[in-house]
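Just so it is clear, A, B, C and D label the chains in written order, and each chain counts residues from 1 on its own.
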């Protein structure tokens, strides 16, 4: 996979820095490459659902951003990215010290991009796939409406 | 729709109160009825994505809880509820003073429940459907593993 | 809902007539209105899965066409429609003499359209919701690539 | 991945042989292994949508069966398998002489199984990923209702 914008990493990191909800959740952008990203989320008790596990929606939030930015790495400079839909499966309770959402682009088109996302829980030396899913993104160009 | 547990509302409200992420986001449980709930989320700047709109994952978090609790109203006392998967569509930018996620049960089975969720943005007197989707829940009984 | 192309019904019926798989399955286009369609599918033993019920994929095929044409009613003359993704839930065994897939447009945009689809089984006087889901369509204009 | 039923392949092939719609479509079960299957579908003009490509629903039908049987390989003898939901993305026009749907199990639980499916179009020496998606299956045991 080749990014057409050589400055894609700075563009992605600038946009991530504007996602105020990532600071609220304590998430950080760990990796950015052409067509792929990783976002890390340390466990905090205030991210939990009723059983003390991280809420499925919180896992989805970091997975959605991971996918959005994986797609955005391959979009041209001057564009914006929006999620049009995603689906997530939750495979195991989100227990762990840290969660890492990774995303990769499956298909990058002029208007639409499709990504896969995975969320792994880190618990000591154990790595457990706790969530995964797929996503559709739209690339908004300065000269066009969606 | 008839709830088999007459005490379903207290059971749902107790569980919601344990979802610490709802306090973090500022969400509140507005309505609970048999097979339906509504969760309200006032706008806050720290819930935003890069354009200042509420992040799709945050909308999903309240929609997922709305659906989970809509399903939980119809489950028996002594059970637990987990989301196994959901899908959300994002139809318009999440702009507004307040967002309300409503959910209704489409099918309630012994083990599996399917819900529909909708998120409406309130902006002055305007109401805009900004997101909607579907969800599968599993009912965990004390005597059985999923 | 208002169709911008007054000739939308003929356009939809012409396209449906070209879907050779609809003849293979025995499906017919029952209703076409602005933002909505219905497709009927009589039961046949050669549409079945291993238990004798209509295969989930066959229900999806008629639901996908119902949604695609519901969206197509609202697209301009001279365009084409493609499904980019859909999700279907299967709620009950697809038993019955006849199945009717209905679809309605939830959001119609310049490029993307989102629909809801439902499939009802008719068994004597009984009507059972056996499947439902959501879909994203793309409108291909003569002057643009997707 | 290890199948608990040593006779899983015969069990899967017997069930596939009962799916009459597979004969209608001309699909055949190419491979069966623990947690994985492949189904082949030669192109036929009567499987097409309005542009002559294989209908998205037909691709989904073989993908759904591929996933269902991938999951079924890991289920115990004496059980049945049903799809509760799936989502498919369509990435490119389904053009080719032959299509192969492959599926792998992502998570196999006592009641629920989650699979990934991919459909590749074969056109001369070219292989194109035309569709992919995810699926939830339920394992029905003789002694329990879903």
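The rule we apply is simple: a contact is a pair of C-beta atoms (placed from the backbone, for glycine too) under 8 Å apart; a residue touches a chain by one contact, two chains touch by 3 or more.
This one's a predicted model, so the numbers in the text were calculated from it and none came from an experiment.
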Angle of the C-alpha superposing rotation, chain B to chain D, to the nearest 5 degrees: 180
Identity of the chain that, by mean CA position, is farthest from chain A: C
Inter-chain centre distance, chain B versus chain D - centres from mean C-alpha coordinates, in Å: 32
Rounded Å distance, chain A centre to chain B centre (Cα mean): 22
CA centroid of chain B to CA centroid of chain C, Å: 28
Multi-partner residues of chain C (at least 2 other chains): 84-85, 87, 89, 114, 133-134, 136
Complex contact set, residues of chain B against chain A: 15-16, 18-21, 23-24, 45-51, 55-58, 60-65, 80, 82-90, 133
Chain A to chain D touching residues, read off their complex: 87, 89, 91-92, 106-107, 114, 129, 132-134, 136
Residues of chain D that touch chain B when the two form their complex: 84-85, 87, 109-112, 114, 134, 136, 138, 145-146
